[in-house]
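Structures incoming, each one as structure tokens.
Two complexes follow with chain A in common, the first pairing it with chain B and the second with chain C.
Coming up: the complex of A and B.
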């Protein structure tokens, strides 16, 4: 049975949270579309959980407003916000059976007995736990508890569902299974999901869009592909996926808009910025070549291989060079001859590179 | 294997010997005396069953213990809640406040209460100052209760705090985001989970209440005796070891009855006895 709810829109209008002298979240602006699956991604202490807590009402913003379906909910008590939530570590009521746990929000929202029964059956079926309805939470495994928590959060079909690192306590295999389950439930319900995680793979796998947080600020908002191919700064490029970073500078070029300059190498880039920069290339866009095969037409940078890891279909090389380094991936057939300690040249198509103003030059 | 077992059981011997000599032997002696002194038979229990003074003493002891348990539970719960939900610093301060009187002798505290509660004492001075007629408190059961509750408070607070600290602080938040107002989240989630602490504290306080001697002797009146004081009178003043033994048996029966009662209540409420173990029982 497909029981679609209309997801709510969510708008964060410059919300800020200060704890004494510490600003945990600073001037957060975000528009979430109805039915969208959006992840707040960042390292611990980056402000993602604080932002989620403000949406839930567990923390009052020091500044700014929060709108659900264009209704200002900033000062509204937690229980009147009509939000579903899955907590880190599940937060199941240990003194209630699985069934009573799932019924709890239904009771609070005034469902009568038969409606409660139907909604509980439906939620249990969605997470395939029908036979566990009379168990206590302590009698379930971690993965089962997580599915009960999920069922409890979706049973009353909230238009907005918050998830706070729901899978972080589970092992890898279980995590991937539940990711698929969460994706399916999201598709079925059409509810808007705000998902907090520090796991980039999880965010990439689940989200329509990802919001990258660092040091209390939003670094970038975009689809997984946008963030991967077009990161706006060094933090985003390093946090999402692997990459090679090279120090250099952008100077006025002869025939192009600008040239990335690094020792004797000059590479054309399409960039207005002038001055010290960092150049970023994703691992699959870099080619390793033998220094003997150097050609004048291809831009190249000298590097040393420091590590070599087989990952099935490809080989991952760690490389370092003057003022930079990172990861290169290339197909096993093409590059098996390169060994640790070997000098190589790195080369890439100019349009695959991204340029960030150097952190020092910003300061 | 058996060698190892016998070696480790040696470690328990000193404690077992102490319990055997210091506890089991005297208790059994008392039980035997209750049916052998002054002559073999049930005359001591017949006295207990028919003597109205003995009845008064038993009932007074029970309701004093029940009241002391209820009063300390009601006073201790909010205090323990505050402790469990405060920062570590505030919690430490509150802990010291609970334990401070605990480190003072019971006798000293009873005398302190005499100074406060006597007819021209601090309490009546305060009552007079606010225009309330002075009253006699010292020498009544009320004075005994006040003194007992103050002494028993830590025994109620500590098990409660230890259980409350084990409650996941996000559970009430989870209830609230699911639509429960603050008071409902507390009543339906936090309170039931804190009950094992309440039961554990109540059990300890009730049992201790049955055995108070110094406090009733100093703050109460000989006309309103409790079992321990009556027992003392029987044994030391009247040399009626048998009747003293019968009173001791009555106390044991009460403790056993309360254990059974609490066990069934907690079963009824679905509280696992394992959680009582968490509270130190």
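Coming up: the complex of A and C.
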């Protein structure tokens, strides 16, 4: 048996799904490289599952085409698409043993008996469940059932593997263990994976690239680092990680390209855009300083600490300030003495701030 | 146990007895020694059962009934299961309309259905024939299958069927290999109820039977009008045992489902 597969390329060319008056997914364009691990991330109702269902063939797109390995598969029956899939609720066949479950796709794809046996053994070994082959699914724990589901999905080595929130029914410890298992299997097989999740940490941990969905549209596509450091809009910045957001406007500046302005505050930014904006800074880029230590040359924003959470290596402060607020993280050693209710100043390097042009008026 | 519970239990037992007493009375009557349908019976004998099995009219009626009921159960189960599955795939008006249409034979008065069918069967030569009985009884039995399979389908996780498709099974193979085994409790239960529906059907059967093909209930009804023959009580006892057995089968097969999920 070959142990690696050539992952398929996947191209979504403007697919749209309308249910009556509701548009569940709108004009989705996406190019997935062979062997890539890509996550569709978003809150419920954002269109990520609808998009996955269209790739699988459970839903037909109202518009647009889907290509696997540059072959148009729009409208092709599900069983001819050569995909594997892991479902949220496992979807193991309750009337078949673990072994029969894993053998099922091999049978449907016309593998002969000895090939079936070898592939089943291989898949069972990959998820370390050899000793459970004769059990019924109901006799297994949730984590074991999902590993059987994973084994079934990879048994015939599909070039494209779809995963629909496969870990969301499991508790946190199990989730992390299975994440590692999924990563390893993806590395071993080389299959292309499309992974749907609403869990940002899961998406960050697993993916080569993440597609952020909201309200039926793709918000941004990028590597985890790109999305975290350069979110394109407020939704992406809020959905992936913590941040401070400030409403204001950008005007012509003296020292830098521009200046973020809100009332008497003027902070330099590296930005060509002019007009109302929202400013975003990640928590680890912000420094808290005591108002007494303020120097004239240091641009800063006045804020009030509303909550303080000790998280081991650092302390998380929730802060509010005029026009915004958010989360600041600082190392436990240097900021232990700030208390809830205390007035502080927030400061950061100009290049750490991101600016989102604002459609809304300033609150 | 407090007072209201005692009252509740007493009332329940009384109502239960009220419902089954007339049915149970027929059993001692069938062991009567004398040629009467009097209750309480006098003495004990098996002569009416002997009479039943030795008389080709009675025994033949039983065999007809069993044959028709078994074939009806098979037909109604296949058709009803497919109909229920089809209904589960549509929504809104189509679903409501289809479901109501399919359970209509449960609601339409049997006499009206019988008269209409008689007229139709006279023209088509189906009166007193096996296909005629199967056609009529299947129409009457399908609603029970639609209901029992429909309720099993309501609890069926469609992801299982999707999983089978993704695994490379076409719609037919997924249906046969995955969906049908999952629906088996409802299908079996429906089959038992379809059997019962046909086995003790009398009104419609009277219209479409002929002297050459009579079911047991029709024979009993006819016999009742001519003479007082305790063989009828023996026949009734046999029908009761058969339908009770089938009903228990129907209930047990629904429990199969609870155990598995």
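Everything below uses one rule, namely that the second predicted complex is superposed on the first by the 356 of 363 C-alpha atoms of A that agree within 3 Å, B and C clash if a C-alpha of one lies under 4 Å from a C-alpha of the other, contacts with A are read in each partner's own complex, and residues count from 1 in each chain.
Convention: a contact is a pair of C-beta atoms (placed from the backbone, for glycine too) under 8 Å apart; a residue touches a chain by one contact, two chains touch by 3 or more.
Model, not experiment: these values are computed from the prediction.
Engineer: What does the overlay on chain A give for chain B and chain C, a clash or a fit?
Structural biologist: In the arrangement built by aligning on chain A, the partners chain C and chain B clash.
Engineer: Let me test your reading of the model: by the given contact rule, A:268 touches which partner, first (chain B), second (chain C), both or neither?
Structural biologist: Touch status of A:268: no partner.
Engineer: Looking at A:325, would you say it contacts chain B, chain C, both, or neither? Reply first, second, both or neither.
Structural biologist: Touch status of A:325: no partner.
Engineer: Which holds for A:78: it touches chain B only (first), chain C only (second), both, or neither?
Structural biologist: Both partners, chain B and chain C.
Engineer: On the A-aligned overlay, A:104 touches which partner chain: chain B = first, chain C = second, or both, or neither?
Structural biologist: Both partners, chain B and chain C.
Engineer: Between chain B (first) and chain C (second), which does A:350 come into contact with in this model arrangement: first, second, both, or neither?
Structural biologist: Neither: A:350 stays clear of chain B and chain C.
Engineer: In the overlaid three-chain picture, which partner chain does A:58 touch, first (chain B) or second (chain C), both, or neither?
Structural biologist: A:58: touches chain B and chain C.
Engineer: Does the superposition put A:142 against chain B (first), chain C (second), both, or neither?
Structural biologist: neither
Engineer: Would you please give the residues of chain A that touch chain B in one complex and also touch chain C in the other complex?
Structural biologist: In chain A, residues 56-58, 77-79, 81-85, 87, 89, 91, 93-95, 104-105, 108-109, 152, 156, 162 are touched by chain B and also by chain C.
Engineer: Could you list, by residue number, the parts of chain A that touch chain C in their complex?
Structural biologist: It comes out as residues 56-58, 77-79, 81-85, 87-89, 91-95, 104-105, 108-109, 138, 152-153, 156, 162.
Engineer: Show which residues of chain B lie in contact with chain A when the two form their complex.
Structural biologist: 168, 170-171, 173-182, 184-185, 188-189, 192-193, 270-271
Engineer: For the complex, give me every residue of chain A touching chain B.
Structural biologist: 56-58, 77-85, 87, 89, 91, 93-95, 104-105, 108-109, 152, 156, 162
Engineer: Spell out the residues on chain C that touch chain A in their complex, using ranges where they run on.
Structural biologist: 157, 159-160, 162-171, 173-174, 177-178, 181-182, 260-261
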